[in-house]
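Let me begin by presenting the structure, written as C-alpha cells, before commenting on it.
Chains: A, B and C, in written order; residue numbering restarts at 1 for each.
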Amino acid sequence: MQRDDIRNLAMLVAFAIIGLLFPIVATTRFSQHILVMVVLYAVLGEAWNIMAGYAGMVSIGQAAFFGLGAYVSSVLSVKYGVSPWLGMLCAGLATAAFATVIGLPFSRLRGRYFAIGTIALGQMIKVVFENWQWVGAATGLMIPLANQGFASFQFHASKLPYYYTGLALLLLTLAFMYIMERSKMGYYFKAIRENEDVASGLGVNRTAYKLIAIAVSAGITGMCGTFLAQYSLYVEPEYMFNHSISVTIALVAVFGGSGNIIGPVLGSAILMPISELTRAWLGSSGTGIDLMIYGAFIVLMCVYEPEGLVGMARRIGASIKAQRERRGAARCQNS
Amino acid sequence: MSELVVKGLTKKFGGLIAVNDVSFSVKSGEILGLIGPNGAGKTTVFNCLTGFLKADGGSVEFNGRSIYNCSPNAICALGVARTFQVVQVLQGMSALENVMVGAYLRHSRTAASRRRALEALERVGMSRFADMRAVNLTLPAKKRLEVAMCLATDPQVLMLDESMAGLTPTEIHDASSMICELRDAGMALIVVEHVMEAIMPIADRVMVLDSGIKIAEGLPAEIVRDPRVVSAYLGDKYAKRVKC
Amino acid sequence: MILQLATGGLLLGCIYGLVSMGLSLIYGVMGIVNFAHGAFVMLAMYASYWLSLFVGIDPVLGTPLVALLMFGFGIVVYRAIIGRVLRGPFLARLLVTFGLSIFFINMAQFLWSPDYRMVQKSISRGIIMLGPVFIELPKLVASIGSLIVAGLIYWFLRKTKTGLAIQAISIDRSAAALMGINLERLNAIAFGLGLACAGAAGALLASYYYIFPDVGTMFGLVALVAVALGGFGSTEGALIGAILIGIIETLGGFYVGPEYKYALIFLAYVLIVIARPKGLMGWGAD
C-alpha cells in the first residue's frame, strides 16, 4: 500500500518534470501552441473522464460548460473589470452550479438518452448565446489587451506562460483524480457506471453522486473555457460552443482510455499534435481534413482498440507476462 | 431486536395486480420462506419493500419507522438489503471492489471499507476470488458475491431472491448453512426459493403467494400439507386426488 | 395561418419521419444509435446531385436508385465496421457512428468544398392551392415519396419472412438467435435498410433543398430526437415523434423566431424525455 503510494507520487513528480522540460525543445510559437493545446485538452479529457469514464454519464455536449465558463470570465472582465483569475474561479463555480441545476433532471436519463440530451444542451445554449445581445450575440466579445503578465493572465511575447498555467491546472486535476479514485467517491462513481440499480441497492445515493460528478466535471471544463478565452482574447458562440469541442474532448479521453487516470493525458498528447499538424500542413482549418482524420481515428479505435491506448498497453503487458511465464514453465520442464 | 412489518402491500402493473393486499412480518433471528408458483409476485414484493418499485398501497415499517416507497439507498442505509433474482454485480470491477461499494455505507475510509469487505468475502467463502473481475466469475460465485455485497452493508434484514437456484446439492448445503449462521447471528431473513428441499428445512415460517395473494402462512410442516398450497402448485385435479 | 404552418410542419415531418424510421430500425435491431444517420442523408443528397448533373436523372425519379446505392453502402459499412463493434463495450458502440459521421461530413467538405449547391432542374416545381393553403409542390412530392417509402418498409417488416425475422430480433435478440435466425445477415440487412431510408429521404430532399456538407447534421439530430421521443426501438413512435417535431419546428420558427427553432426541438426532447425517461413509447434497455 505505502510502497504503491510512494511510487505513484514519484510518477507524478516525474510527470511534472517532463512537463516542465518540454518547452526546452518547443521554441517556435507553433510548437508552443501545440503544447498549450495538449495540456488544455488533457484537462478537458480528464474532466470528461470523471463524468463519463468513471460515473458512466457519456457527455457529447461538454462545449456547453466550456463556452459558459469562457463567457462568465470574459463578461466579468469586459463589463466589470474583474481579474481573469477571479473570473476563472467564478467560471468554475458558475458552470458547476449551472450543471447541478441541469443535472437534476438529466440525472434521471440513462445511457444514450443522456448522451443525446447533452448534445441537445450544447446546441441550445449555443443558440441562446448567439441571440443574446448583451453578450455580443453572434459576434461575441473582445477581451481588451492589457499589459502582459500573470496579473492580467495575458501573455503576448511567448505562449509558454499559458502552457505552464495549463500544466498547473492539469496537475491539480490529476491530483484530485488520484485521490478520488482511491476514495468512496471514486468507488461510488464506478458502481453507478457499472449498474445503477445495484449501486442504489447498496446504499449509494445515485442522484447525489451523479450530480457531484457532473458538477465537478463541468466546473473544471468551465475553468478551461476561461483559459481558452484568455489565450485567444475573444469569445464568440461559434468558437466557444462549437460542437467539435465536445467531440474532441470525448475523443481524446476515449482514444487514450477512459475510466483511468492516465488515459486522457495520453490521448491528448498524441491526438492534439496530430490534429494541429495536419491542420498546418494540409491547409488552414475549414478544409475538414483534420476532422476527417479525427473521424477515422474514432472509428478505427472503436473497432480495434475499444479500451483505448491504456487498454492496448495493458493487453500487451499481459501477453508479454504470459509469454514469459510460459517460457519459464517450459524451462522447468526441460531441466 | 429489529422487525419488518408489512401490511396490505399492493402493486399493480396496469390491469394486473401482481401483489394483492399482502401482510406479513419478520423478526431478527428468523428465516421467513417465501414460496409460490412462477409469476406469483415474490420478486415484486421484494422490489416494493426495497424501493425498486413504487407500491400502490399498504404500509411497510422497519423498527417502527415507515420505509414505504422510500428510495432504495435510504432503505439500504436503514439496514434492509436484498439480492436480485437475475444475479446483478458490478461487472467491470473486482470482487473485492464490488463488496467495498457495499462496505463504504458504514465505513467511509477506504482502509476500513476494504477490511470490512474482506471479512464479508471470507464469510461467503470467496476470499480466493477477491481480485478477479466480477464478469469472469461463474454463476454460483456471482451469487455468493452478491450476498457478500449485501452483508458488507451490515443489514438487519436480508432478502434473498432465489439465491440457491441453479446450484449443486453441495453448494445448496453450504448456502443453507450460511443462511442459518446469519440467522443465528441475529439477522432477519426473507428467502424466496423454488427448491423446496432447500427452503423447508431451514425456514422458521413459510408464506405462500399465488397470483399476488397470500394463500397460506405457517410452519414448513403445515405448509406442505395445506391443500390450497398443493393445488396452487400442482393444479386442482391433483389436489383432489391427494385428498381422496 | 396556423393551418398553413401546420401543413408545412406535416410535410416536413413526413421527411423527418422517413429519416427517423431508418434510425429506429437500426437501433431496434442492433442497439446502435446511428449518429452518422444525418451524414448518410447528406451523402445521398450529393449522390442525387451528381446523378442529376452528370447523368441527368431527376432526383425524385432517381430515389429508388439512390436508396439502392445506400442499401449496398450500408451492407459494406456494416460488414467493415458496425458488425465488429457490436460485441464491444458500450462506449465503442456509442461512439463508432459518431466517428463515421465526422469522417463523412469532413470528407464531403474536403472533396466537394463547403459550397452550397442546388439541383438546377427538377420535375417538381411550383405551388399549388389546396383550399386556403399554399403548398410548394416539391415539398408535397417529397413528403408523398417519403410516405410511400415508409409504407414499403412497413410492409416489408410486417409481411415478408426477412422482415418478420428482423422484428423478432428487435423484440428478443437471444431468443431469435436460438430460433436459428442468422443475426449477422439480418443485422446487415437492417443496417442497409436503415441507410436506404436515409438515402431515399436524401434523394427526395435533394429536389428542393440546398446541398452542403453539414446539411445532414440537423436531419440526423432531429431524427435522433424524434426516435428518442417515440422511444428507441419503436418504428411507429419514431414516425409520430418526427411529425410532432416537424410541427414544433414550423410553428416555433414562426411564433418564437427562426433562430430558435432547433433549440425548441431540443427543448421538447429534454422536457419529454425527462417526463418519460424512455420516450413516449419506449421500452427495453438503456
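We take it that a residue touches a chain if its C-beta (ideal position, glycine included) is under 8 Å from a C-beta of that chain, and two chains touch if they have at least 3 such contacts.
Fair warning: this is a prediction, and the values are worked out from it, not measured in the lab.
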| item | value |
| --- | --- |
| Chain at the geometric heart of the assembly (C-alpha centres) | A |
| Furthest chain, CA centroid comparison against chain A | B |
| Leader among chain pairs (count of C-beta contacts) | A-C |
| Whole-Å gap separating chain B and chain C, where each centre is the average of the chain's CA atoms | 47 |
| Whole-Å gap separating chain A and chain C, where each centre is the average of the chain's CA atoms | 32 |
| Inter-chain centre distance, chain A versus chain B - centres from mean C-alpha coordinates, in Å | 43 |
| Of chain C, residues touching chain A in the complex | 33, 81, 84-85, 88-96, 98-110, 114, 213, 221, 224-225, 228, 232, 257, 259-260, 262-263, 266-267, 269-270, 273-274, 277-279, 285-286 |
| Touching residues (chain side chain A, partner chain B) in the complex | 182-184, 187-188, 190-191, 193-195, 197-206, 259 |
| Chain A - residues contacting chain C, complex | 52, 58, 60, 105-106, 108-113, 115-117, 119-121, 123-124, 127-128, 130-131, 247, 250-251, 254, 258, 286-292, 294-299, 301-303, 306-307 |
| In the complex with chain A, residue positions of chain B that touch it | 50, 52, 71-74, 76-77, 81-82, 84, 88-93, 97, 100-102, 104-105, 108, 110, 113, 149-150, 152-153 |
